[in-house]
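After this come two complexes, each holding chain A, first together with chain B and then together with chain C.
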Partner chain A sequence: MLSKRKFTVSRRDFVAGSTAASVLGFPAILGAQPAAIKVGFIHPVTGFVAYNGQQGRLGAQMAVEDVNKAGGIRSMGGARLEALLGDSQSKVEVGVSEVEKMNEAGVAAYIGCFQSPVGIAASQAAAKYNTPFLIDVGASDLIVNRGLKNVFRLKPGFGVCVDQGISALGAMNNATGGNAKSAVIVHESGEFGTGTARLLAGKLPSIGFEVKEVIKHDNPTRNFDNVALRIRSLAPDVVMMSNYGNEYTLLARTLHQQKVNLAGMYSVLGGGFNYRFVKELPDVAENMMDTNHWFNPKSAKAQALKRRVEAGGALFTFEVYLAYATTMLLADSLQRAGSSAKDKLTEALASSTYDTEILPYGPTKFVNGQNQGSRASVMQARKGDIVVIAPEDVANARPVFPKPKYT
Partner chain B sequence: MPDLPIILAGVINGLLAGGIYVLVAVGLTLIYGVLHIINFAHGSLLMLAMYAVFFLFKPPVGIDPYLALPIVTGGAFIFGYLVYRWLIGRFNHGRDENILLITLGLSIVIDNAALMFFTGDIQTIDVPYAGRMVELGAAFLPVPKIISFFAALLLCGALGLYMARSDTGKAIRALAKERQGARLVGIDVDKLFAVSYGIGIACLGAAACLLMPTFYVSPTSGHAFVLIAFTTVVLGGMGSFAGAAVGGFIIGITESLGGLLLGEQLGQIGISLIFILILLLRPSGLFGGKG
Partner chain C sequence: MSRGTLALCAAGLLAAILYPLVVRGLAGAGVGVSANYLINVGMLVFFVAFIGQSWNIAGGFAGQTSFGHVVFFGTGAYCSTILHVTHGWNPWLAWPVATAAGALVGWAIGALAFRAGLKGSYFALITLAFAEVFRILANSVEFTRGGLGMLIKADQRPENFQFRDPMWIYYLALALCVVSLAIAWQLTRGRFGARLVAIRENEDAARALGIDVYTEKVKVLALSGAMCAAGGTFYAQKYLYIDPSIAFGVDKSVEMLLVSMVGGAGTVFGPLVGSLVLTAINEGTRSLASVVPALKNVQPLSLIVYGAMLILIVARLPDGLMGLFGRRKSGKRHDA
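Showing the complex of A and B:
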């Protein structure tokens, strides 16, 4: 006869067993979970530049996902990046309050903010805590000219973009006989448009262009009929635009509808020059040119990222790949610092030689927070697509200039 | 100082822009005149109507914005009617401040829902006649803007006639003047409130169809017209149809000439100056009643 012994576990046995199991059985798992590194992303995902902010957020989230999928920050035991997402609502004061909130949450670094005024104020707020602030998009050179040690910008500011844009326009004009001699500048009235326009007006004479007028407009502007009227009466060879997406699209459309004859429409940091614009309004966009941030079309990594973004139904706009590349720069610096301590991370960023590959920049070299290798590209709309016409080493097409006249 | 032909062209551009302002403002003034509602959701509802035009234009539907006018206007009327019946009428508890909060809340919900569903991207439609022009002196007038100007005038005239001649129009006017009296003579006040709100929103539907061939839509695009519409309504006299019409054209021309003479940014001052002048000289607006 088999004796039956009842199997019972006392509370004391259970506690002892559990403790032994946790100590002996799972040390590897417990040890492999270092604290996540919090990164604050501040973008205007609502308000009048919401689209740009949403695109920036998309790029940042993709980069965080890629870093974590690749094993996190290996020098920190595989620590994962944790994205804290903030909305500046396209307003300076809200951007600053997001910095304060995220500081309370213990972020190691910030990335943002698309609009220059928000970037200027938010990075100033982050400087109080010595927290690194990486500017993914923000054109004003004031961002990096204030002597703040915590601010880093991977992309070029409007100074570099204007220099490159002017030089490319001069070269293009000279190559076709130098017939274009005058320009009208149309810009939005904020820090970004005003600063860019001031630089353009100062540098156009150096390539033999007379600036006939500088026209400033508000955001939003409902109607550009009178601007078109004014431009027609001034009869410039080139119209140069520097504004955000809504007004860029509306102005381009109005000039096309009113058949204003120009040798070229040439923007520097034109907010609306993207795949959506050239695909939806191909006739309006045809032969328009823009000096702006652009990915390296010859980079396989950039092309793969483009396909991935487009497969998700989004457009591969500069906000996406700049936020992506900036987040990757942060991940690389965390890897080299081996710590999320603010001073070590700031030092690692300042000495970074990271090559994004997807941007035509080469290895980073920061001087006063500005990446010296960064540069813009000049693009042109052609039959519903965008081609790169300068600089020569990344160009994949020759420019069409002057553009055909309206009949 | 621009030449005379340029100034004349500026006046014509202002008149064309004013046509749309009139249509947006007529809806707002009707809602105020009858319901005494300051409709804070006006810009958001205009934006929704513009998205409706956009999606009707895109494949697979592919309806031209002008042909979509009856559909969008009718749809906007039904939407406005239901919003009043199910939301404003149900939750206002007879207090004006509640109505303000409801329309403000509605505006926030619509704006953020649009951001979620449509993203913040700028959407445009490319109609084949977008580039056609009529040359008039120094002015090159885009055909879609001329169409929108005359269509806006026609629709305003038709609405004015409807309000003056039809039984519903007469009842709405009676309601606007004497709410209690209208109820006493057997007018279904709640239903007429909803109808009036629906007509106001239908005006936005029509404005959206006329705007889209030359404008863009994004979740914030309706707000570009809200301040102008409120200014027009106050300038013309709150609740006055004729006031909204005249006010819309005054605003359009002032904005246009201000832009020409003072620059696009400073030109907006002209609107505020005229607004202040009218309020000083006729505090109830150009066509507003006394008191």
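Showing the complex of A and C:
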């Protein structure tokens, strides 16, 4: 019979044994499995822009999965990325609260936040800890104009998008005889819509357009009948929209239902111009144009990612590939920094020349946190699909402008 | 206030003062708590309790239910931010001016509404209308930068009303909350408070007793407006960015009303209890995802749980959580 005593491990034995094990055995194991690098993703997955937030989260998670599948961050011994998922609930306070929580969890960097006000406050909170904050979506130029060293934005802000949109509209109009001469701007009343609309109103005269009226609306707005009637009475050649998804779709549908004849509907950062819109409402969307973030249709990587996203039952919206590309930029910077130390990572981001490939940007170059190579594309809806009509090097179709009139 | 209640208050205050030090100590000892996050949550509890108390003083004590209290919040936020950003004022100096502006707006809305004899749901709706008007104005005029909003430059020095260490903004929120509790407590003791309760219970009877109902109502709305505006400045300095939707959005009005209703409208501690419970539920349910891996992508669940608990509280406790204490007390009396 075995006595109990035989299996008793004294405290001294335990300490000696565990010390020996840690000295001899564990380093090898630990060396093979470096600590995961935590990345905080803050998106509005609930609230009035929940769909956009969920799409952003999807892109981020796919990127994390791809980095880990490819062996993690090799310069850090194959360290895996670990996504900490936060919900800003479309509220500034909650976004900041998530920053605090994730900071304590030891994140190396944050990525978010879709809404500019949340991004402004959250990145400000991250600045206290010198933690890099990468903006995946957030159009306001205030985000990168504050002199914060920790903020980086891969995508263009609304200033660049407006410049490109205006120049493309001017070129398109000139190519077809310059018949369009007036515009009405409809925008959401928040920071993003107002900022974009102001820039548009200021720059449209430079391409020979008279701005007949600037109409703002609240979020959410559930009826655009009066706005459509006002547009009909003003009889502009072009309606320019800058708003979030639901309002974008509703306004487009109302103008279509009321058969308001226009040479074109041309949005800059039209939140609703995506595959969902053109597939669900192909008649409404037909020939509508949008200057927005878009993937490079000539990139095999982008097309493969698109197929993967669609195979999962989701739509390949800009939130998905911007979050994906931003996460890949972070992974590349971690790889080059060889460390998740905040100062080294910030330095690596600031000096990044990473080419996302899936976006038509070329090598990254940050000046004051804004990627100088970023640019928007001009798209047009055609028979339930989306084609790129500008810039020339990534375009895969010619524009239809002016669009056919309602009979 | 009984000796027991006083002792409880002192203990609560001491606990609140020690809270940041304790959570930091625990974090330092490797207990695995997120110190700054918990301090931030504590700050939110006291801040929401403070603005909730501003609603409670007018809506709870005086019975002047408002749906648009955010009008004062936004006034304070914009006033101090404009003075600071556009005119270069120190935000500490801008704070009392913003508070006075809130009082002025409260006085003006009160004077207009009460002179017109609006009460009950009509008064509630007119405050909502004023909040909307202010939001649209802030969206339209140039000096607020319209929908672009106003950004306060980050310069984290205490003399600039910005704190690098979240502990100090926590203590500031705690101080505001204590001041608001003191004001509410004074209302339960003083003549002004008694007159307000008389107005709440029966305006005609109060008038028959010789109370100048109009003046008292205007005074309480000015007081409430001042407090709420002070909260607006605090918010602007904490988050360093405001726009019309943030400053005058209806969700802030709902938040103030909700914490008072859940905690117990017309009670001294109602807004604090309401804020504590609602913030705990909100943060707790939001953290579910990190605790339960299966819920990692089920974020709306937190809102569902939050909503369900809110329904339960409102349905089962119509007098708020403070009413529960009252019931237990009265139950004891009956038993005796």
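Here are some notes:
Definition applied: the second predicted complex is superposed on the first by the 377 of 407 C-alpha atoms of A that agree within 3 Å, B and C clash if a C-alpha of one lies under 4 Å from a C-alpha of the other, contacts with A are read in each partner's own complex, and residues count from 1 in each chain.
FYI, contacts are C-beta pairs under 8 Å (C-beta built on N, C-alpha and C of every residue); 3 or more make two chains touch, one makes a residue touch a chain.
Quick caveat, the model's predicted, so the values are computed rather than measured.
When the two complexes are overlaid on chain A, chain B and chain C occupy overlapping space and clash. By the touch criterion defined above, A:S189 reaches both chain B and chain C.
When the two structures are aligned on the shared chain, A:P220 is found in touch with chain B, with no touch to chain C. When the shared chain is aligned, chain B comes close enough to touch A:N246, but chain C does not.
In the superposed model, A:T46 lies in contact with both chain B and chain C. In the superposition on chain A, A:D385 makes contact with neither chain B nor chain C.
By the document's definition of touching, neither partner reaches A:E210: not chain B, not chain C.
In the superposition on chain A, A:E65 makes contact with neither chain B nor chain C. In the superposed model, A:D343 lies in contact with neither chain B nor chain C. Within the three-chain overlay, chain B meets chain C in a clash at only one of the listed stretches 58-66, 94-102 or 184-192, and that stretch is 94-102. Taken together, the two structures place residues 45-46, 50, 189, 216 of chain A in contact with chain B in one case and with chain C in the other. Of all the residues in chain A, the ones that touch chain C in their complex are 45-46, 50, 57, 84-85, 87, 89, 91-94, 96-97, 100-101, 103-105, 117, 120-121, 124, 127-128, 142, 146, 148, 189-191, 193-195, 198, 216, 219.
Against chain B, in their complex, chain A makes its touches with residues 45-54, 189, 215-218, 220-223, 225-230, 232-233, 245-246, 249-250, 253-254, 256-259, 272, 276-277, 280-284, 315.
Here chain C touches chain A in the complex through residues 27, 34-37, 39-41, 44, 139, 146-149, 151, 153-154, 156, 164, 166, 239-241, 243-246, 251, 283, 286-287, 289-290, 296-297, 299-300, 302-303, going by the rule given at the top.
Those residues of chain B that touch chain A in the complex are listed here as 2-3, 6, 9-10, 13, 16-17, 111-112, 115, 119-126, 130-131, 133, 138-140, 142, 144-145, 214-216, 218-221, 223-225, 228, 255-256, 259-260, 263-265, 268.
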